[in-house]
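Got a structure here, written out as structure tokens. Questions coming.
Letters A, B, C, D, E and F name the chains as they come in the text, with residue numbers starting at 1 for each one.
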Amino acid sequence: MTSVFLEDLDAETYSAIVAEEGSTVIIPTGATEQHGPHMPLGVDAMLSKAIAGVVAEKTGAVVAPVFAYGYKSQPRSGGGNHRVGTTSLGAAALTGMVDDVVSSFLSQGFAHVVILNGHFENYQFIYEGLDNAVSRARVSSTSSRAVLLSYWDFVDEATLEQVFPNGFLGWDIEHGGVLETSLMLLLHPEKVDMSRVVDHPPAKLTPYDIFPEDPARTPASGCLSSAKGASAERGQLLLDAVTTQVAAALDGELSLEKITLEVS
Amino acid sequence: MTSVFLEDLDAETYSAIVAEEGSTVIIPTGATEQHGPHMPLGVDAMLSKAIAGVVAEKTGAVVAPVFAYGYKSQPRSGGGNHRVGTTSLGAAALTGMVDDVVSSFLSQGFAHVVILNGHFENYQFIYEGLDNAVSRARVSSTSSRAVLLSYWDFVDEATLEQVFPNGFLGWDIEHGGVLETSLMLLLHPEKVDMSRVVDHPPAKLTPYDIFPEDPARTPASGCLSSAKGASAERGQLLLDAVTTQVAAALDGELSLEKITLEVS
Amino acid sequence: MTSVFLEDLDAETYSAIVAEEGSTVIIPTGATEQHGPHMPLGVDAMLSKAIAGVVAEKTGAVVAPVFAYGYKSQPRSGGGNHRVGTTSLGAAALTGMVDDVVSSFLSQGFAHVVILNGHFENYQFIYEGLDNAVSRARVSSTSSRAVLLSYWDFVDEATLEQVFPNGFLGWDIEHGGVLETSLMLLLHPEKVDMSRVVDHPPAKLTPYDIFPEDPARTPASGCLSSAKGASAERGQLLLDAVTTQVAAALDGELSLEKITLEVS
Amino acid sequence: MTSVFLEDLDAETYSAIVAEEGSTVIIPTGATEQHGPHMPLGVDAMLSKAIAGVVAEKTGAVVAPVFAYGYKSQPRSGGGNHRVGTTSLGAAALTGMVDDVVSSFLSQGFAHVVILNGHFENYQFIYEGLDNAVSRARVSSTSSRAVLLSYWDFVDEATLEQVFPNGFLGWDIEHGGVLETSLMLLLHPEKVDMSRVVDHPPAKLTPYDIFPEDPARTPASGCLSSAKGASAERGQLLLDAVTTQVAAALDGELSLEKITLEVS
Amino acid sequence: MTSVFLEDLDAETYSAIVAEEGSTVIIPTGATEQHGPHMPLGVDAMLSKAIAGVVAEKTGAVVAPVFAYGYKSQPRSGGGNHRVGTTSLGAAALTGMVDDVVSSFLSQGFAHVVILNGHFENYQFIYEGLDNAVSRARVSSTSSRAVLLSYWDFVDEATLEQVFPNGFLGWDIEHGGVLETSLMLLLHPEKVDMSRVVDHPPAKLTPYDIFPEDPARTPASGCLSSAKGASAERGQLLLDAVTTQVAAALDGELSLEKITLEVS
Amino acid sequence: MTSVFLEDLDAETYSAIVAEEGSTVIIPTGATEQHGPHMPLGVDAMLSKAIAGVVAEKTGAVVAPVFAYGYKSQPRSGGGNHRVGTTSLGAAALTGMVDDVVSSFLSQGFAHVVILNGHFENYQFIYEGLDNAVSRARVSSTSSRAVLLSYWDFVDEATLEQVFPNGFLGWDIEHGGVLETSLMLLLHPEKVDMSRVVDHPPAKLTPYDIFPEDPARTPASGCLSSAKGASAERGQLLLDAVTTQVAAALDGELSLEKITLEVS
């Protein structure tokens, strides 16, 4: 019963891990959200869980059950919350979940909590829950520390150039695009149907939000750019770049001992 | 890309399902909780997800991503929230999650929401969230309906006698016992290690709770009864009994058309 | 001005009680809920207050003002929240009240708080409020302790056999039945009209809840079983059994000194 | 089983009352708070309940179970929340209770809800809960109406001169003084011990609050003025003045038909 | 860059102030509320800010950004929340703002926080937020202290006689009346148009509130009394009285060293 | 008494504006946050208020009182919440404020609400409050609409090149830099002291957040880039670009009639 995923660990094995010096748990967070006709609704949760798994192996951490639901999708980063299939949490529920789960891990004895986010709109609400949980925990245990990150922020320039040879247009329009599709082709190829990719130009997004949302403002495909250039090879480049850099960052901040950096 | 699990469906397939008359989504709810030395922390989520999957196939429903975290474990039904590995939500976060997710499914167009609970302590907090969400939804759509159930409440007397030939002592002490272990042996045998089962007498539980909890009041194994009698065969008996009866109940209450009852 | 009910005590007498070693306050919790045509809406509050009073005399505790409103009545235990007369609190208000009142008693100096519940649906929400209040209080005073119980869980088998000579069918259908009516006949006989008892078979309850509720699923009387067998004598048997056992439990857990157990 | 107190009514009688045109329920609100050495902690709840009962008889209303706990006592009106015996709710719990209970009464069918307050510090928090509940209720039922009042605001000048022949110094220092003590001597004489009245000059209150409170700023008696001048006769004058004026106000605002004004 | 208003201070200057012994920040609180045809919507915020500024100069304190929005205006003190122009917060938002801002100032190092209120209906909700913030802060820093006041409570009898030569009728009807108008004529004369004052008798207010509000119950002008007697001279009398007395009170409670009392 | 700032308008003038077809209110949101040694703590509120004023003049809107406090400052966009002078709201208070104020404006009769944000970290929490308020408002008034924007997102490429002739490095490091300082030099020159600008290289920010924050990771100046290149001329370029583009966007989305675009 060995695994980096704690839902697969028995209580005794888990207890031993928590008791180690510098013990670290990574919480992957995703969403239930439409990702166009070629990918399933669970993309964000699947990717953050898989990436967390690789990082955990590199760093000696364990991975908590993924947050399968995320904050309301927004047109400028995910197409919008009005699309069928997108099933979201409000701010209070998401922030409360983060606070409760992080508080529980810190009180059980973990020295560090890392939240690895895979859904753009989650970030600020996770920040609030994590800030509240760590502030409270440190009243009695000043060694408690936490890190919050979104995985795509760790893709370096060199990798970007390889994955987007025609130029990278920004993370905001990557919803259902080359990044996510390439990673899915690598990690869950049976859940991607490239024949259904809609090859349209990148969405032209307004620099503001309107309420209520206007469905005509984003592409009918539900994606903000075309996934046509996606491939498992590019997925591997992205996965290697992200996990190596995240592991290095955690090692640097948290002085984790088991990290062995292997730049691909 | 066909599946009863909506996280595996693309947005177009999903949209077609939601638009069907009488469309039904089942939300499985579990917990992250120690289940002794012979089973992993994710038992409650794994079982409610698997059972929901079978019910969905019988009834033509789809299954939402499982709620992997549940309400605080209590000594009289789960061993207690103080045990390492048990990672829980408070009332507000759990109730808020249920409210948000159910509201979203109803507003997307589902006619019915079913919550299939797999962690005893969740029930009342799900009730609150579900009651609030349905009450609000029905202001504008009086056809919205919902059902809440815990799966073990559907095991009939005949099955109980087969599974517990020496007498059934009550669901309260089944945490980590024959019921859950048999189902896991059937559904996830690679995650159970029967050689680590601690064979102790059923826990003698007080008819009250104390705060703070006293760890000495429940067995050191983390289980409330011995799983020694568990087997995949008994798991099959339980699974058949539960899913047949749940499907029949949903058919009766919601007039679902695709149900084909097959009493095992 | 001597009384076990603190609302009847002057501030000086009360202050002296709080300052005693091991000082204990019992908070009775009930509901405002229909109890059929033969009993008043205030049954749950009246009974929990009266039982708390007897327990307080046996143990040297004082009794706080009863919580007269409770959580939403449910069909499987109280007939349902849709019935006229049933006036309920949501989860947040009930949990918040428990937290505030318990926190206040602990900060005033009580060593122990006991919540004696008289309305089935309250239990989990009280648990949440009590858990939160005690956890916070123990940051500064590790001697603070609390107990939570529902009074009917203390009726022993021998008493059950005497009170239900034809067999006991479960607490869930006792709403407005023999237990509550017998206790009311003993404690508030002028508020019971046995000529109005509706003598129908026990309610057949589904093992699940539906939203919105279907009024046709529970008996029109508002009771879940017949109170025909109720009597003041049976009320006395129940009261003695409950109060003796509760007092013994509190003595055991809290080491109260003034308990004199007198098994009836 | 006839009574103006709904906790004493059976469900059938109650249902008939609710269904009447212009049906009105009065919710008395009090507190659990020290009232000096000569009166019990429950004064505010006892008085608001008794006054509501008389008003109900004059107007044909029924009285809901009293809110026995109130908002934090403040030095300028009640001596302060730091005094032993004073057991208070925070804003969220009190406001939530009001909202839930009022919403329930309106949805059951009452045309009017009246809240009759007996604890100064409650007023604004009740206002918030009542405003929220009525605003929501009126979306579907525009005939729903509510009234909020504190009973002492209905004592007329002529009565004040009779009750305070040496001059009335303001309601703010009446905590534990002549008003409350006279009403208690009339309504619950066995709960008052006039021999324990501390005869001190009226408290000199600062026109501001400090945090944390300074216990030395209010009289050690816990009262803000002397109750020496209290008598049951004065209690009768006050009760008559209040109930007559409140009944007249409700009649005027709500067009209640059963009011028979009898100025004492 | 010297100012008593901290929004005008650079971070270095501000840091030095916070680090001083006995450092004090005054938070002025107002509202956005109609004040009749002769004064602007921002009166309450403008006056509390200006008064706080004078008090800060007398006492060596700094002034935080004013709370420009306040609690729901009520007919008996502000005309009512139903009037166009009145833009209010509910209880939770106002209380939360106070709690967060006060907690932040105390954690930055201020020894004292003073809230100077300029909108009647705010008081109790500020009390709740301030009580919660100070209680929490004192767990780690027992020197933290706070004061809450409404500025009009500091006008002495002699000043009242000068400002209201025909007799003072009570603060409750001063909304848009002589007090506020005189202070505005002194502090922001360009924002007052005395030619538009509606000279009507004082509003006759009921001693209770009704829900929903009846617009006919308060004067159509939006003011509760006539501002005809207002003048800048009277504004000066009021300002001097208030600021001198507030400064003296703060000096007395908080032992501020820089106060130089100059009774006008 | 004419002004675009509604706090300066009398109730009658304001009422007439609200009643106009397509009436629009702009709510500027800022923060109280350190902005280095050369600018005051109120920069964000001052700038969003001033920009909103210009936009209001271009579009015929009015401007609501600025939100002077914002969400917790973060190192990657504002230096961090741990810096003295930074005084922040948590998520619940900020979201609640937005919800309450927007709901009030819509219920008073405004057709459109625009929130013009001036503090990076506010955006998602405003989104939540605005989404909730508009969703609720549209149940009864389907014409209600809202827009949310941060002003810097409207600076076009041509302007960027003029303002940052050596290359623009990203909005994230503009805290206390050329953008904000140039605008302050234009709008509030007396509140800027260019002699105190610390000329350091742009901050190198990590692509993640840590808890608790490490003060050593951002420049000691409190700014994330040097303001040396700031000038009032550049401020004018920025102001013109922003206000012209924002006005055009509002015109396009809301069909405002009074807009006269004048590209500077």
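Throughout what follows, a contact is a pair of C-beta atoms (placed from the backbone, for glycine too) under 8 Å apart; a residue touches a chain by one contact, two chains touch by 3 or more.
In this text, all values refer to a predicted model and were calculated from it rather than measured experimentally.
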| item | value |
| --- | --- |
| Winner on C-beta contact pairs when E-F is weighed against D-E | E-F |
| Numbering shared by both copies at the chain F-chain A contact, with half separating same from different | same |
| Rigid-body rotation angle, chain D and chain C, from Cα fit (steps of 5°) | 180 |
| Inter-chain centre distance, chain C versus chain F - centres from mean C-alpha coordinates, in Å | 55 |
| Centroid distance [mean C-alpha coordinates] between chain C and chain A, Å | 47 |
| Sequence positions of chain A contacting 2 or more other chains | 90, 92, 139 |
| Touch-based graph of the chains, sorted into line, ring, star, complete or other | ring |
| Complex contact set, residues of chain B against chain A | 1, 6-12, 14-15, 18, 32, 34-42, 45-46, 64-66, 68-69, 83-90, 92-93, 96-97, 99-101, 104-105, 108-109, 191, 193, 196, 222 |
| Partner chain C, residues of chain B touching it in the complex | 71-72, 74, 81, 90-92, 95, 121, 123-125, 127-128, 130-132, 134-135, 138, 145-149, 153-154, 206-212, 249, 253 |
